Structures are given as C-alpha cells and as structure tokens.
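In what follows, structures are represented as structure tokens.
Below are two complexes that have chain A in common, paired first with chain B and then with chain C.
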Partner chain A sequence: MVKNLKRSGLTKENINCAPVMEVVDLSTSFLTAAGEIKAVREVSFSLFAGQVLAVVGESGCGKSVTARSLLRLIDPPGYIKNGWVLLNGVNLLNLTEGEMRRLRGTEISMVFQDPMTSFDPVYTVGRQFTEALMAHEKISQQEAKQQALQMLSKVSLQDLERVFNSYPFQLSGGMRQRVMIAIALAMKPKVLIADEPTTALDVTVQSGILAELKRLNKETGSALLLITHDLGVVAELADRVAIMYAGRIVEIGSVYDIFDHAQHPYTRALLTSINPIQEDGGLTAIPGQPPDMANVPPGCPFSPRCPEALRQCRQKEPEQYIIAGEHWVSCWRAESEERKISGA
Partner chain B sequence: MSKYKTVTVISFIVLTVMAVMVIGAPLFTAKDPTGVELTKTLRQPGQGNLLGTDEMGRDIWTRLLYGGRVSLSVGVASVAVSTVLGVAYGAISGYAGGWVDRVLMRIIDALLCLPSMLIMLVIQSMTRPSLTNVVLVIGFTTWMQMSRLVRTEVLSLKEREFVLAALAAGTPVWKIILRHLVPHCSPTIIVMATVGVGHAILSETSLSFLGLGIPPHQPSLGNMLIGGQNQILAGAWWIPVFPGAMIISTVLAITFASDGLQHILMLRNAGIEEGVKKWLKISKEAA
Partner chain C sequence: MGRYVFSRLTESFVVLFIISIVAFGLVHLAPGDPAMALYGDQIQKMRPADRERIRENLGLNRPLPVQYYKWISNVLKGDMGRSFMTGRDVKTMLMERFPGTLILSSTATLIIISLTLAIGIYAGMRQYSFFDYASTTVSFILMSVPGFWFAMMLILVFCVGLKWLPSSGFTTIGTDFSIFDMLKHLILPAVVLSFTHMGYYIRLIRGSVAVAKEQDFVTVLKSRGIKNSAIVARHIVRNAMIPFVTYLGVSISIMLAGSIVTEAIFAWPGLGMMSVEAANNRDYPVLMGTILFSGVLVVGGSLVADLFCA
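Here is the complex of A and B:
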C-alpha cells in the first residue's frame, strides 16, 4: 500500500493536504470475442481539492474508460478488474449500487464531451436541471428552479429564465456546455470529471468554457479531472498532468515537469507533435499506430514506436522511477536503483 | 404525401363521428338496445326502425350504437392493458440487456409461437364471459409485439449520451426509463397502440361471434353478427350487414389513421426530436 500511495503522487510536498480522491492500481477490462481488452491497466493518481489533473493521451488509450470507472459507469462486457478508488478514504468499488448512485452527482460529477448529445432533446434544460437536483434532495420544483437559476448565473449565462425554459437545440453549443457545467457543480461535488469538455465546441467558445471551469474549480474547491488530447488546454488549465498510453499512465508530474522536463519518449513525442515549426514546415508525427489493445506487445507498449527503445524495452514492462518530487515516469531509460519506487 | 393526408383526415373524421355517436348513444336513439318486441320481429330498414329489427324485434340501429360502444371500449381498454404491459416489459428487457434480455425475449418468442386466438378461446371457455374478462384476455395476449418494438428502441436509446449523463448525475434507473427512454419511444408506442385498437376490436368480434366474448344478452358487434347469420338465409340481410360494415369501417379507419400518424410522427425520418421542433414551430405560429 505504501508503494501504491507513493506511486499515486503522494509526496512530502503535498502529504499535508490529503487528496480528495486516490486512485490506486485501477484496472478495467472488456471481455470481447477477441479476448480480454485491458483498457485501463493499473492506473494510479490522486486528485487534490482545487487542483486540476489533466489526463492526456491518444484516442483509445483508456482516458474515458478511466473516468467512467471512477463513477462505476462501465457497462458489460466491461468490468473493473481491481484497484481502489478512494474518496475521502472510502473505497467506491466496495459500495452497493444504491450507495454509489447517491454519490454520483453529489460527490462526483461529470461533464461530457458533446453538450448536444448529453441533454435529452425532448425536455427543456431547466427540467433536466431540476430533475438532477431533485434526484438527490427532497425539494420542491420551485426550490429546485431557484437553485438552478442561481447556478446558471454562476456560469456567466444571461437571460436565465429563457435559458431555463429552452430546449437543448435552442441553445448554442457554448451555452449548453455552460448549463452542463452548472448542473455538474450544482451539488458541490468534491470531484468533477470533465471528459473532453471543449472538443465539440469551436475555439473561441473553448477558451471561455475553460476559463469558467478553472474559476469554478478554484471557487468551489472541487478537484477537477480533465480528460483531453489537447495539450494547449492542458497548458492553460492543468496543475498536474498524467500521460496515458495503451491503458497505462506512463508519466505523471506537474505541468512544468511535463512541459519542461518530459522524461518519457512518448511525452516528448507528443510535445513535439504539437509544435508545427519544423524545417520543411510540416508537422512532426509519431510514427506507427497505437497498439491493438487486445494484443498489447510484450514489454513497454510504446517500444515499437519509440525512437529510443532499448532491447529490454521490448521484453519487460518498465518499472516506475521518481524523477523529482511528484514527477515519475515509467521508462527503462530512467532506470536507476535509488529512483525506483520502493518495492516495485 | 397529399394522398396520405386526405386518407388520414377522412379516417380521423370517421373515427370521431363514430366515437361521438357511440359515446352519446342515448342522444341518437330513444330505444332500449335489449328491449325485445316480439310484435316487430325481422322488420326491414325504414318503417319506424331506421335499420330494421332482428329476430327478437330489437332495433338494429340502437344495438349498433350500444354494441359499437362495447366493442370500441373493449378495443381501447385492452390496448391500454397490452400497452402498459408491453412497454414495461420491453423497456426493462432492453435496458437490462445481457442475459436478462435474452431470457425475457425468449419468453416472448415462446408466447408468440402460440396462436393468440387459441389462448383467448381456452381462457374464455374456462371463465365466465364478461366485459372485463374480454378486455384482460385480449390485453394479456397481444402485448408481445409492443414489447419487442419498445425493447429494440430502448436498446439503441440507452447508448445515447444523455442516458449516461443522467446516470452520472445520479438519476435512479427507473426514472431514466420512465422519463427519458419511454417518452422517446412514444411515436412507436402511439402507432402500435392505434393499430392494436383495430386488432383488439377484431379479436373481440371474433370471440363474441364464437360465443366466448361479450355475454349474448349484451349487444356487441360480434354478437350481432352471430345473431344475424341464421336470419340471412331468410332474407334478413340487414341484421349482419350493418354490424359487419361498422366493423370493417372502424378497423379500416383505425388502420389508415395509424398509417397517417406514423407519417406525422416521422417515425421513419428523424423521430421525436424533429417532432418537438415541429411542434414548437407550430405553437409559435399559433401564438
């Protein structure tokens, strides 16, 4: 457990402020005809109040499955294989379905990628807002509406009464996402998960939504788990960054650690791939394809695409090495005895 | 499209007229539907009796109105039973998925293997015939199609993101089914239910015709048919023809109406979301 906690990012610097949520060795698999798909493999991280942890990775690397696992919203044939999801010391994976349901929306909330599809198109957003409130509190329709309007004003929406009585398609994408955020934060959750909250929005609206998220995150003191593949968003918003590849976190650290002292070749490749300035003016792409998750190659999953792969990279999965403070990486290149996370 | 519109409008007019006449039966006739007048048996249409009398001297027009009342209410009530049952069963099966779904659907397959008319006959012959019994028997033997359709819709609807969003907000599953999934199936449900009313009326008349439906002393379209079949050779054509025509026109009108509804609700195109938009537009123009 000590080893695991350490790996989740608990170090001297932040030992005093206990994390709101700790995820330890979380594994989620899908049993399909092609075999067991290990979508999330032994993922560990911590979320701290008022802080933003960004999870970055390519499509299909397990970001969204990780997020849904925290809410225990994995549908068969998927299942959470093992691990702990500790919210204030309570393991969510041991709760009954009823207990878990009461936590959803109150302690952990989620904002989805596309605010068009995450609203039921046949009800007004107001009705869906009050429904969410009344699912958890014994309040009247009127009280729920008052609370809803108050929350809507907090996400910088104007003309609240009209927004409240609008159907989702009558609002713009940005407005819908603001309403979504308002609903998610209405019950003052300790953890807010935002699964690519700006992907479906255009760039000008994006920055507004991100600013809103950041401000509310600081204001309410909830921990924000931001799932994205947009490193620009990460740089703007995140306090800490976790890089995921093939279901594993390969590197985690503060936003400065990741952007200035990236250790993992994959992280570096990601960072160079967003930098368009190359001598011939083209983009730097990472060669190859992400691995087939039903058939992950032995050793480091990134080794087939890694420009710096050693022989042992293709044979043995790398262990985790602390670079500095809460910055650690899972790469043989960083191997050294004293950096090794004890007991691993 | 315009062909559909005319037929649909005519069907709805026919149905409305029938409903009004049947519900307000006492307003359209002063006679008693069960009143036997042995001095006036087998009278031709006209001559004081609009549509003639039967072998017991009962007024056909009066019996047609009251019989239509029974048949239509059996149709509507039994569809209500089968709709509630079918929607609940289908929604649960579709939402649960996995082996629960498989077991529930195989049960439906098994039930559909048995001819429903046969089950109705068996149950009816074991119980005392009454209006409630007919409603329940028809309701409980015709819910399977509805259930299958609702299940398929729910199967695809539950994968939509707003269901996940509702779950993530902590909405209880029953509420999601009742408030989000079933309303989205409403175009299907409405069309299926309308078609069902026609079928239920036919079932009721068949049962009554076989003497296992509505008790013989009560007028119903089926009862009138069986009563008429003995007299038709004696030349009293008016006894079976009018109830027969009423059955055909009702069922045809219902069928065309449900066809039209299907187009109006755009079942094949965009579904309920487009419907909401359209409805908002109409109500805005009206305002």
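Here is the complex of A and C:
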C-alpha cells in the first residue's frame, strides 16, 4: 500500500500538502458478449487542492470511465474491479450507496461533455439547480433560489433571473455549460471532475469557459480533474498531466515534465502531432489504431505503434519508473533498478 | 406560441370540414334507402309516386351538393336536423347518449392510466427482467385479442358461469336507479374497453421509460447526489409521459366518440350504440350527427393534448 501510495504521486515535495483525493490501482471493467473489456487498468494518481490535473489520451482510452469510477457512476455491465479511491483518507469504494450519494455533488462534482443533453429538457435550469441544492440541504425553495442566483452570478452570467427561469433549449451551449459549472460548484466540492467540458461547444466560447473553470478552481480551492483532447488547453490550464493509453496511465508529471521532458514515446508522439484535434474529437497524426479494448495485445499496449519498441515491449508490460519527483513513466526504455516503483 | 395555437386551430377546422364532407358522402353513397328502412316491407306495396313523395319529404331528391350545403349551414347554426325514424332533434339525442359514453370512457381511462403506468414504468425500469418479458407477452396478447372475443369470454365467465355481473344495459330494467346497480353494469364494458387499449399503452410507457432512463441527464442527476426514487419519479417518468399524454388525448377522444363494439355488445346506451342503430335504420341525420360529433371530439382531443404538451 505504501508502495502504491508513492506511485500515486505522493512525494517529498507535496507531502505536507496532502492530496485531497488519492486514486490507487483503480480498475474498471465491462463484462460484454465480446469478453471482459478492461477499460481502466490499475490507474493511480492524486489530486491536490487548487490544482488542475489534466488527463489526456485518444478516444476510448478510458478517460470518462476513470472519471465516472471516482463518483461510482459505473452502470452494469461495468463494475469497479478493485483499487482505492481515497477522499480524506476514506475509501469511497467501501461506502454504502446511500453514503456515496451524499458525497456526490457535495464533495465530488462532475461537469459533463454535452451541456445540451446534460439537462432534463422538461424543467427549467433553475429548477434543476434548486433540486440539486435541496437534495443535500434542508432549505426552502426560496433559499435555494437565492443560493442558485448567487452562484450563477459567479460564472459570468448576466440577466440571472431570466437564465434561472429558462428551459435548457432556450440557452446557448456556452450558457448551459456555465450553469452546469455553477451547479457543480455550488456546494463547494473538494473535487471537481470536468469531462471534456468544452468539446461540444463553439470554439469561440471554449476559452472563456476554461478560463472560468481555472479561476473558480483557484478561488474555491477545489481540485480539478480536467479531461481533454486539447494539448493547448493542457499547457494553459494544467498543473500536472496524466497521459492515458488503453486504460492505463502511461506517464504522469508536471506540465513542465510532460512538455519538456516527455519520456514515453506515446507522449512524445502526442506532442509532435501538430494539429491534434479531429472532427470526431480523436487525436490524429499517430500512425495506427489504439488496441481493441476487448483484446489488448500482450506486452506494452502501445508497442504495435511504437517507433522505439524493443523486443521485450511486445512480451511483457513495462513496470513504472520514477524519472524525477512526481514524474513517472511506464516504459521499458526508462528501465533501471533505482527508478523502479513497483511491478506492473 | 400564439402562432402555433393559431396554426393548430386552422388545421383542426380544415380537418373537421373534410370530416363533414366524408361523413355526408359516405352516408349518402352507401347502399340502402331511408324510405325502405322507415317503412320496411310496406315499401314494396307502395306506388312509385308515393315513394318519390317520401324521398321528397326527407329532402333526398335534391342534388347532393345542395343537400350538403343545407345540412352543413344548419349545423353551423346549431341545428343538426331531426331523426328520420323518430323525428326527434339530433342534438338532443346526442346529448342524451353522451353521458353514457362519458361514464364508460372515463372509467376505462382511469383503468388504463393506473394499470399501464404502473406496469409500464416497472417494466421499463427493469428492462429484460422476468417481469418485463411477462408484461410484454401480456401486452401482445391484449393487442391481438379482438375486443368482442374478450367481451364474450368475460360474459361467459362472469355472467353465464359465475352469475356475478349483468351482461347488458345501463341499469337493471324495472328497478329504481341506483349507483351500485349501475356500477355493476359498468364493470364489464369498462374492462373490455380499457383492455383493448392497454397493450399499446404498456408498450408505449415501457419503451419511453427505457429510453428516458438512458438519457445523459440521468447520469448527471445521479452525479449531483439526487435520490434514485426522485430521479425516476420527477425526471424519467415525466419525460416518458410526453408521448403517453399525446396518445391518451387521442384515445380518450376516440372512446368519447363512442365505442361501437363494446357498447353494442353490452347494450350500453352511448354514442357508439346510437350510431349502430342509426346505421341500421339508414337514419341519415343521426348518423351524420354522430360522425361529425365524434370528429369534433377526436380533433378537439388531440388539439387539447398537443397544446397541453407544448
């Protein structure tokens, strides 16, 4: 466990500012007709107050499943196989469903990709806001409305009364996403997860929304887990970056570590892809396809596409090696005894 | 919104106009002769001149467009004409029979709403469970078994066999009116009428609940820590109700227009039975009146349902 905690990024530098959330060896699978899909495999990372951890990776690599696992929102045929999701030292995976429910929205919140389908079309956004507040606090409709309006004013919305009384379809995508963020942050959660919060939005409003997230994250001191395809966004917003491939985190480190000292060939390939965003939101410019998740090849899952693959890459999954401080990588090329954290 | 209401209203009037033409056309072009129906076998003994005189009295010798114009302009003035058979005012007859149909169809509607919502929501939330398969099977049986056969079976069991319930009429003939007596007469027709609609509604609700529960917003609501029961009741069911309310509006108005088969089998005095009688008697004004009245109810019903959902 101590070994594992170390792997989650808890090191000398941040030991005195203990992480808000620690995720250790989290694995989530889907049992389908095609067999067990190991969507997330032994993923470990930590989230620190007021900091942004960006998770980057190709479509289907398990980013959303990881995010939803933290909230225990995995529906059958999926299930969380094992691991720890520690929030203030409590393993969320051991809580009852009722205890977990009370933490959702209050301690951990989530902002989703598509702000159109994320609202129930038959209620006003205001009603959905107060509903979220009243699910956790014993307050009247009026008090809830006051809190909601106050929160809406913090996400740079104007004409609050009108926004409050609007149905989702009456608001623009950007406005809906701002309301979404306001609801997510209303109860001052310690952890905010944003799963591609701007992918579905107009390019012109994307940067505004992201800037808002960053500002509120600093203001409220919550930890932000930001899932994105956009390395430009990562460079601008993130404090630390986790690179995911085929259900694993293959490299994690500070923005500086990742952008200037990338160790994993996959990370470097991502960085050199000049125009990384495709219409469907996939990353391009890396030859080959990510593996079929129901059928991950033996060895390092990236080896079939890796320009630097060694023979052992195709036979055995690499272990994890510390490069420096909280920067570690899972690649045979970084192999050396003293860097070794643990077996994969 | 105002524009939508206006366009739906205009649309409804156009549809009603077409219905009035079709009603008139069908009734007048159908084989059979009111004079014959009125006088039965005696008509054979009549001289052609007498027959012609009867037709003239009934206004049947004029060109059809003229007859239509006369009829529709009277209807618009509120006069639906008089029965060929009894000479009674058609509007009065409709108003006499309407309560019977109203009682029957509102009871059936209550049965439909309560049972199909309960079964459909439960099945939709537990898709592919044993209960779901069972309710699907039952729905398909309900959809494919004809109402009249179902009625016969119920009569056999409850009236002939067990002798628990009366098989026809509104109240027991020769007794004073009592609610209890009427309810006993009401049970079987209401059950038959609702069961013929129920299969569709179970399928409809089950399907739309199954769709609604997969919507993205359900996950979002869960992520906010809202109780599952509240998500189902406030959000999933509410979303699933939209098509249900629309169809229910149409079904209710169709039932209000008189359920011909059910009313005829159980001799329930409603609009449906009235139109069967009128058709047998070639009683043109009554028949056209019931068709037009049904049209108004159906068109009005779907109009109300649409405006309610908008």
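The criterion applied here is as follows: the second predicted complex is superposed on the first by the 331 of 344 C-alpha atoms of A that agree within 3 Å, B and C clash if a C-alpha of one lies under 4 Å from a C-alpha of the other, contacts with A are read in each partner's own complex, and residues count from 1 in each chain.
Criterion: a contact is a pair of C-beta atoms (placed from the backbone, for glycine too) under 8 Å apart; a residue touches a chain by one contact, two chains touch by 3 or more.
Only a predicted model underlies this, so the values are computations on that prediction, with no experimental measurement involved.
J.: Following the superposition defined at the top, how do chain B and chain C come out on chain A, clash or fit?
T.: clash
J.: Once the structures are superposed on A, label A:F112 by its partner contacts, choosing first (chain B), second (chain C), both or neither.
T.: both
J.: Check the residue A:P76 against both partner chains and state whether it touches chain B (first), chain C (second), both, or neither.
T.: A:P76 sits against chain B, while chain C stays out of touch.
J.: Just checking: does A:R104 make contact with chain B only, chain C only, both, or neither of them? Give me first, second, both or neither.
T.: both
J.: Is A:A34 touching the first partner chain B, the second partner chain C, both, or neither of them?
T.: A:A34 contacts neither chain B nor chain C.
J.: In the superposed arrangement, does A:I183 touch chain B (first), chain C (second), both or neither?
T.: both
J.: In the superposed view, which residues of chain A touch chain B and also chain C?
T.: 71, 73, 101-106, 109-110, 112, 114, 117-123, 128, 131-132, 135-136, 183-184
J.: Per the contact definition, I'd like the list of chain C residues that touch chain A in the complex.
T.: Residues in contact with chain A: 215-217, 219-227, 230, 234-235, 238-239, 242.
J.: For chain B, which residues count as touching chain A in their complex?
T.: Listed in rising order, the residues are 97-98, 160-162, 164-172, 175, 179-180, 183-184, 272-273, 276-277, 280.
J.: Along chain A, where are the residues that touch chain C in the complex?
T.: So the residues of chain A in touch with chain C come to 68, 71, 73, 101-106, 109-110, 112, 114, 117-123, 128, 131-132, 135-136, 183-184.
J.: Which residues of chain A touch chain B in their complex?
T.: The contact residues of chain A facing chain B are 71, 73, 75-76, 101-106, 109-110, 112-114, 117-123, 128, 131-132, 135-136, 167, 169, 180, 183-184.
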